[in-house]
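First subunit A sits with subunit B, and in the next complex the same chain sits with subunit C.
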Partner chain A sequence: MSYQVQQESGYAIVCLSGDVDLSCSPEARKTILASLSRGQHTLVDLSAVSYIDSSGVASLVEGFQTARRKSLRFGLIGVSAAALGVLELARLDKVFPIHATLAARLEADG
Partner chain B sequence: MTAAIEVRDLVTHYGSRLILDHVALEVGSGEIMVIMGGSGSGKSTLLRHLLGLNRPTSGSIKLLGQDITTASAAEMHALRRNMGVSFQGGALFGSMSVLENVMLPLREHTELDEQTMAIMARMKLEVVSLGGLGHLLPSQLSGGMIKRAALARAIVMDPKLLFFDEPSAGLDPVVSAELDELILKLRDSMRMSIVVVTHELDSAFKIADRITVLDHGRILLTGTVAEVRNSSNQRVQDLLNRRPRQEEIDADAYLRRLTGG
Partner chain C sequence: MSEAAPPKLREAPELAASFLADLTQEFASSLDIDETLKNAIDRFMVHLDAEAASIFLLEDDDTTLVCRECAGPVDIRGLRLAADQGIVGQTVARVEPRIVRDVAEDASFAAKVDADSGFATRSILCVPLAVRGRCLGALELLNKRGGDGLFERNDLELASVVAAAAALAIHNARMAAALVEQERVRKELELARHIQESLLPPREGAEFAVHGVNIPAREVSGDFYDFMPLADGRVYFALADVSGKGMNAALLMAKTTSLLRCLAKSATSAGALLHEVNNEICERSTLGMFVTVVAGFLEPRSGQVELANAGHHPALLRGADGSLRSYAAGAPPLGVLADIDFPGERIALDGGTLYLYTDGISESISADGAELGVLGLSALFSDAAPLSAALRLDAVVAAWRAAGYRSHDDITLMLVEVPKADATRSEALNWRFTADAMQLKPMRERVRELGLASGWSDKLTGDLVLAINEACMNIIEHAYGPDNAGEIVLEILNNENEVEIVLTDFAAPIELDAIHGRALEDVRPGGLGTHFMSTIMDSLSYTHLATRPGNVLRMRKRLEKAATDC
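Moving on to the complex of A and B:
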């Protein structure tokens, strides 16, 4: 897995890529929580994620919960089919705000 | 299709009694293989060998490319990170809550943050429709709930290989059908290779990509659901139609068994 964080349209966008599994999900978790601890609205871009396991999804869940506690906006963009299947298994596709692109998210924000 | 499991020429004994007789089997990546057979056919013994719980007399068993008949303890430990097992009776620890039971493999095999582990375990309880019940003790669960909790524990590490012993035994038809659906979802969403040991025909036909039929320690047939249904093998048809075995009786051997002579 690799990641980068970019600032755009009022969001910190955490772009994850490759396989997000047990070996690297702690790093993804740390990155997402660090962004939120700086008080930034945060989106996680999963478009380049080829596989995400439960530990990766748990990091997203923790990020979402932290954002809600801090009244920050949070969501997922570019969710690949592989990642969506994992989210659907636990019905988390109905929990996370999910949008195809940043533009779609911004439009939904109004 | 890459083989996730490759069994070659497996021979096993309990004492001097031959249990598995030159068994060969391949399970592809992302495939659901159902092992069927009557009582005493050797299917549970085959499962125990696939799990590395018994040492065979001869033959090889490769899981994800690793021969477990020659693997060291450290290699087996590493391999077990990629294996999930749901035992027939659940095998949950009675003194621990359901959540603690499900978290056990994570504690054993990872150093993840406590909160991450708890979320992963609760997610898997949601997957098996036990969301919010993690605080209960196994003694407070019904038979179907115990099976589902055991499955949650088996999949908490997102294993590449999932072994499921008699998922439907003792369950009502609705719960049994729900478990079948769940097994199919696990294959499709998590890309798991799954081995299910069962004697429930309906369940086998619903979930199997392929079926292996064992009888008296030998493989009668491995094939798709249609191939098994249409098999001309008499024993396969006896199993499918629940006909009792019509075996020739060796009078001398029978008398010796009865008289201990």
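Moving on to the complex of A and C:
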């Protein structure tokens, strides 16, 4: 897995790519939570994720809950088919705000 | 009466109470009973106002009374009486106190003791040392000092209380000594067991031809198995059962296994090997002990086995097609008759498996009293046939236990087969890897390759990858934990209409009841893995390894028939 964080349109966008599994999900978790602890609205871009396991999904759930507590905006964008399958299996596809692109998210934010 | 003489107890009840309290306390806290009795006996004599006192204990299976401690002018320690002899003997036999006010008038008095010791006995007070009705011996007091020199009822009551405390102390000290002895024996047996375990060959991976398990019924086993590759490429193997149980069987087992192993390196055939070992054992045999053995050599390239059976249960050959053939003993057990022949047998495995066993399993009894028998055992072998050779015997023992069979005898199983040439061939996977998160990605890649080779749909492959990954994560995180990266064995079997996945770890057995998924409404990190596995797979079952610490997760997924219409 690799990741990068960029700032765009009022969001910190955490872009994960490759396999998000037990060997690297602690790093993904730390990155997402660090962004939120800086008080930034955060989106996680999963378009380049080829595999995600339950530990990766757990990091997203923790980000989602932390954002709610801090009243920050949180969501997923560009979810790859591989990642979406796992989110659906966990029935989290209806819990996370999911948009195809940042533009779609901004439009939904209004 | 001199000034130094202590007050008489019966004349000073408060002194009696304090004497008794001290004494009982001392007895209750003593584990060195010899020392305690030695200190107490003088006080008995003085406080009970007697010229002499002695404690006799029953020994030699209660046939003899031996004087263990005494006080007074004559030392009679070590004096032995028949258990029914004299006043002491009568007291012990009846478990009742006795006063003989004047021995001259009592026929049961053993006058010989006086004659031998030079002590002139006039009056005797004797009370039994008994705990819960069981008599351990007696406390005897001789010749009252004061008054008319004869014991009275009061003396008897005091002596009885003292004796009760002493008896309890002796009893407790003996129990403590027995416990210490028991612990010593237990430790020695444990050591013997460790040594015996070290005589068994190490476990081998799936690529090896011979595998075995041994479950001792007691601390030490009379069964054994052994195997080793030889310099010429052949593999030696043997399984044996020593007559009898316990330590003597274990010692003969150690001797036999060493002889077999040593001579196997130069033996020209299985028959010649048993011939030589038999002569060695007969030369120095313990009368009535013998060893039944199946020993042989496998030529892995040709799949040819050369086998000899000395009085053991038949070897079973389960053919690749599921057929069964048995090979019975051609000679009596080792250690019975010297210089006899052990005919060898040549067997072509042809892709089949040769199974050897001891009667601990074939003659085991189910909960409803039915014997497993050779047919039942063969059925267990057949059920486990799809599993890799390295795990099959564990699975057989687990299935045997699950079916409710129990055995009071050692259980030993062994299998011999030609290892599959390519363990990663396309239709199945058998892979051993370290329980480390960094190993998950290579594992997923292997499973994906297998999916491609097996013609699974992308969805099925993705689902199975996720389920296996989650199962491996559980093993890494929960079974082994952070400081203990053991091994994981992943096996994938393409059975008819289903994929079967078997994951084995060698961590401490997990609590099977504690495994459960979480409710999905509960949105929180963690606990998702088990949900993924149970959603994807049609069945999940957890068992413990039967013969060593470890867990086996078996997952099955039915294959959907490809849709033929559009």
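Throughout what follows, the second predicted complex is superposed on the first by the 110 of 110 C-alpha atoms of A that agree within 3 Å, B and C clash if a C-alpha of one lies under 4 Å from a C-alpha of the other, contacts with A are read in each partner's own complex, and residues count from 1 in each chain.
What we mean here is this: contacts are C-beta pairs under 8 Å (C-beta built on N, C-alpha and C of every residue); 3 or more make two chains touch, one makes a residue touch a chain.
Everything numeric here is computed off the predicted structure, so don't read it as measured data.
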item: Clash or fit (per the criteria above) of subunit B with subunit C on subunit A; value: clash
item: Partner chain in contact with A:A90 - subunit B first, subunit C second, else both or neither; value: both
item: Partner chain(s) touched by A:D19 [first = subunit B, second = subunit C, both, neither]; value: second
item: Which of subunit B and subunit C A:A58 touches, first, second, both or neither; value: both
item: Shared subunit A contacts, counted only where both subunit B and subunit C touch the same residue; value: 21-22, 53-55, 57-59, 61-62, 85-86, 89-92
item: Residue ranges of subunit B touching subunit A (in the complex, touch as defined); value: 110, 112-113, 115-117, 119-120, 123-124, 126-127, 156-158, 185-186, 188-190
item: Complex interface listing, subunit C residues touching subunit A; value: 437-438, 440-441, 444, 459, 462, 465-466, 469-470, 473, 476-477, 520, 523-526, 528-529, 531-532, 535-536
item: Footprint of subunit C on subunit A - complex, ascending; value: 19, 21-23, 51, 53-55, 57-59, 61-62, 64-65, 82, 85-86, 89-92, 95
item: Of subunit A, residues touching subunit B in the complex; value: 21-22, 25-26, 29, 53-55, 57-59, 61-62, 85-86, 88-92
